[in-house]
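You will see two complexes here that share chain A, one where it goes with chain B and one where it goes with chain C.
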Partner chain A sequence: MSITIENISLSVNKEIYLKDISLNFDSGSKNILLGRTLAGKTSLLRILAGLDRPSKGKILVDNKDVTGVSVRKRNISMVYQQFINYPSFTIYDNIASPLKVAGMGKSMIDSRVREAAEMLHLEDMLDRMPGELSGGQQQRCAIARALVKDTNLLLLDEPLVNLDYKLREELQIDLQDIFAQRNAIVVYTSTEPSEALKLGGNIVILDKGRVLQNGITSEVFHKPATIKVAEIFSDPPINLINCHVEGSVFHLGQNVTIPLTGHMKSLASGNYIAGIRSNHLYLNPQNKTDTAIEAILDLAEINGSETFFHVNYAGTKLVVQEVGIYSKKINSKILFYLDPASLFVFSKSGELILSPENFSV
Partner chain B sequence: MTVVNYSLQDIFGPGQRVFVGLEWFKEVLADKRLHDALGKQLIFSGLVLLIEMPLGILIALMMPKKGLTASISLVIIALPLLIPWNVIGTIWIIFTRPDIGLFGAAINGMGIAFDHTSNPLQAWITLMFMEVWHWTPLVVLLSYAGLRAIPEAYFQAAKIDGASTWATFWYIQLPKMRGVLTIALLLRFMDSFLIYAEPFVLTGGGPGNTTTFLSIYLVKVAVGQFDLGPAAAFSLVYFLIILLFCFIFYQVLKNVGKGEKS
Partner chain C sequence: MRIKKRTLFFMVYIFLLMLPIYWMLNMSLKTNADILSTFSLYPKHITFDNYIKIFTDSSWYSGYINSIIYVTMNMVISLVTALPAAYAFSRYSFLGDKHMFFWLLTNRMAPAAVFLLPFFQLYSTFGLIDTHIAVALAHCLFNVPLAVWILEGFMSGVPREIDETAFIDGYKFPRFFLTIFIPQIRSGIGVTAFFCFMFSWVELLLARTLTTTNAKPIAATMTRTVSASGLDWGLLAAAGILTIVPGALVIWFVRNNLAKGFAMGRV
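Now for the complex of A and B:
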């Protein structure tokens, strides 16, 4: 099965939610819709589900127009941010509910429910009520209910966003196995670049209702077409520094010069914007070729096992992400290092000119 | 404490009292008129709950979800709740008068002899109409708040599962409203069980004693007969009955919805 979206637009009260979106999803593919809040991810998912009708454009399933077909007549499953389960049903009955509505036989329902429950590690909780379970278990139940239907299209709207970090990690791994076992089209929305990278597959970068770039997830990550894509697909957003090239010298901001070597050697003279992800800036040099940059520390933020240094480099705000917990004095000078080989170079209008050759996530 | 104190004494006047132990409680519990009033009170509260709860939920389900019409509907629905209780009785006296009352004249105009002051059944019907008109809005407002608090995703999920409108109501909306409905049920039970001003103004407990509910009977004993001791014992028994019923309702509702917190 394949789903084709042709020039889909959605406007409500003159407000544009989606604009001219054309995409194709193939059977067995894993597709991530990545974008910030109000990018149009959920709107697109709702149109794919048949919950909303687009203002313009068509949805084709195997070249057959299904744009106006009601959600009840489509064979789809959806998992939401909230833990959506029937509150008065046991976990067993919750998982079984779509099969009962479909009129499936009792023994068939039983085997399918137990299979789905096993996949989501719920086999010991089948007699319990959703309210008696933890958030993670409730969301597992919702996912099991979506999987038990064995649909061709599985839609997941930020399913892990309301779970704590540990549970999220656990479910991310489980979901990868579950997706791999199925031949359905999976469409998964997320605001988190790290989640998209873990899930892999294909990615669609959305912003203000428009598709900025789509392709294989790792390729889009390493070759973001524009600064906007790089910002959306980096967390914290990619650091941007005004730079210019004069002859064979790359001037990064006002104070740092780098010889034009490696992927940058063919760069012509002119003004550019350099981009570098925060995890490619270090407190200690990693290579001999690393360039030192001196800045003023504005804020040091500890997040889990990492420290984020918000620094001011000659008026440009940058973030340095370092593994480990560090204590540094605010408003003091801080020295950090960058590997010129990990620099992205964008034109002044924001298009990608060069991306690092040997990249790592 | 004064009520407890009075319930154990025979009071003749200021400073003239005799300790009688549990005598008043024995008398009150054996009082046939009290049993009669309690029976009527239970029927009245039962009918109130049976009518107001489903009607309130139904109106809440039909009300507009957003926009100006939602605000206007809410204001209109809430209007009866803003009227003082004794005024409610007066409004309904005039409303149901066979000569000048809109309702009374209309019914009589249809050839039905309607006079709630002389016909016990009609007195009950009038009281029920008044009570339902006055207090169903509270159930509507609470149910409406409960319904609006259910995330839209639940309805989408039900649609995707192919659930019917009835199944969506029964398996999603109703369990999700359990908390507010428990409060509505307890409030409506307590209020209807304590009802005094409206029937006192409308029927005065009549015709005969047909609408003499517990509170009306209590006032007759305490103020009419000035039997302060028995009236105090009656008040305590009254209070315990309400407490007992609320406890039973609460326990039943809590156990019905066990594990439905999600």
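Now for the complex of A and C:
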């Protein structure tokens, strides 16, 4: 089965939610809709589900137009960001409900429910009510209900966003296995680049209701078509520095010059914008070719096992992400290093010109 | 032990509240002669004659039965009509929905007396005078809007995504509504039924005007106990006590949800 959406637009009260979106999803594919809040991820998902009608455009399933078909008649399942279960049913009945409605036999339902419950580690909670479970368990119940039915289309709207960190990581791994076992089209929305990278598959970068780029997740990550895509697809957003090339010298900002080597060798003279992900900036040089940059430290944020240094390099704000916990004096000078080979180069208008060749995530 | 000021205030308050009810209970257990001759804080010669008379005399107990019948009818009609209406108001937006929702409440702004004449005329034409359904329908004018308001509040508290999940699971609307949706607003339905009961049970004007004998409510019976020998105090008090009982019972059942009901489910 394949789903094609053609020129989908959605506007409510003159506000544009989606603008002219055309995409294609193939059977068995994992698709991630990545974008910030209000990018239109949920709107697109709801249109795919048939919960909302697009203002313009068509949805084709195997080349048949299903745009106006009621959600009840489509073979889909969906997991919401909020934990949505039927509060008056036990966990068992919650998971069993789509099968019961479909009129499946009792013994068949039982084996399917237990299988799904096992997959999501809910075996011991089948007799309980959703209100008695923790958030993570409730969401697992919702996922189990979505998985128990063999659907052609599985939609997940930021399913892990309200869960705690540990549980999220656990479920991310479980979900990858579960997705791999099915032949359904999986569409998964997320705001987190790291989640998208873990899930792999294909990605659609959305911003303000428009598709900025779509393709294989790792390819989009390594070759973001525009600065906007690079910003959305890195966390913290990619660092941007104005730069210009004169002959064979690359001026990064005002104070740093780099010889034009490696992937930048053929760069013509002119003005550009350089992009570098914050995890490619280091406090200590990693190899001989690394270039040192001096900046003022504005703020140091500690996030468990990593430290984020917000620095000011001649008026340009940059973030340096370093594994480990460091304490540095605020407003003091700080030296950090970058490998010119990990630089992205964008044109002044924001299109990608060069991306690093040997990259690591 | 020192009693706190607040506790003391509360006790006085409760005492003042309960005093009339106690006095009625006191009277209901006395004979007329006792009531009129001596003043006593408690019945010296307890008699249940007043209660026995109410339970044996059909002109008395039929009043209770009539009241219970039309009140029940009214509760059922109000709920059955208000549930779908409230669902529509809480889930869909349509032209003029907000105005209509407000307009519903304005129905309660007019006193019942305003509607007496049209109801009387209409029901006479259709031969509905002195039937239980006549009173039940008349009370719907006040109870349905209130029920819609209360239920809408409770329904809006149920996430819309639950409806959508049910539809995605393949539920047809009626099955979803009865098996998934209704259980979630159980307390709202209880509170709504209580408010319908309360209004319909105490409403006198419409109930008395639209009935004569067959569907005469207890409240009307109580207003007609003046006889040649004066008022039958003891009997009236006993009837009063018996009229309070169903109300107290209903309040007991919905006591935990009452505050939420007064806030129209928006607590």
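Methods note: the second predicted complex is superposed on the first by the 361 of 361 C-alpha atoms of A that agree within 3 Å, B and C clash if a C-alpha of one lies under 4 Å from a C-alpha of the other, contacts with A are read in each partner's own complex, and residues count from 1 in each chain.
Methods note: contacts are C-beta pairs under 8 Å (C-beta built on N, C-alpha and C of every residue); 3 or more make two chains touch, one makes a residue touch a chain.
These numbers were taken from a predicted model, which means no experiment stands behind them.
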Report task. Look at where chain B and chain C land on chain A after superposing the complexes, then choose clash or fit. Result -> clash
Query raised in the report: Which partner does A:Pro87 reach: the first (chain B), the second (chain C), both, or neither?
Result: both
Report task. In the overlay, work out which of chain B or chain C sits against more residues of chain A. Result -> B
Query raised in the report: Looking at the overlay, does A:Gln138 come into contact with chain B only (first), chain C only (second), both, or neither?
Result: first
Requested in this report: Would you check which partner chain A:Ser269 touches, where first means chain B only, second means chain C only, and both and neither mean what they say?
Outcome: neither
Query raised in the report: Touch check for A:Arg72: first (chain B), second (chain C), both, or neither?
Result: both
Requested in this report: Identify the partner contact of A:Arg128: answer first if only chain B is touched, second if only chain C is, both if each is, neither if none is.
Outcome: first
Query raised in the report: Just chain B (first), just chain C (second), both, or neither: which does A:Gln286 touch?
Result: neither
Query raised in the report: After lining up the shared chain so the two structures overlap, which partner does A:Pro98 touch, if you call chain B first and chain C second: first, second, both or neither?
Result: both
**Report entry** Among 8-16, 80-88 or 152-160 on chain B, the segment whose C-alpha atoms clash with chain C after superposition
**Finding:** 152-160
Requested in this report: List the residues of chain A that touch chain B in one complex and chain C in the other.
Outcome: 49, 51, 71-72, 76-78, 80, 82, 84, 86-89, 97-98, 101-102, 145
Query raised in the report: Residues of chain C touching chain A in their complex?
Result: 159, 161-162, 164-172, 175, 180, 183-184
Report summary line: Interface with chain B, chain A side, in the complex: residues 46, 49, 51, 71-72, 76-78, 80-89, 97-98, 101-102, 128-133, 138, 145
Report summary line: The answer for chain A against chain C in the complex is residues 49, 51, 70-72, 76-78, 80, 82, 84, 86-89, 97-98, 101-102, 142, 145, 149
Requested in this report: Write out the stretch or stretches of chain B touching chain A in their complex.
Outcome: 151, 153-154, 156-157, 159-163, 171-172, 174-176, 257-262
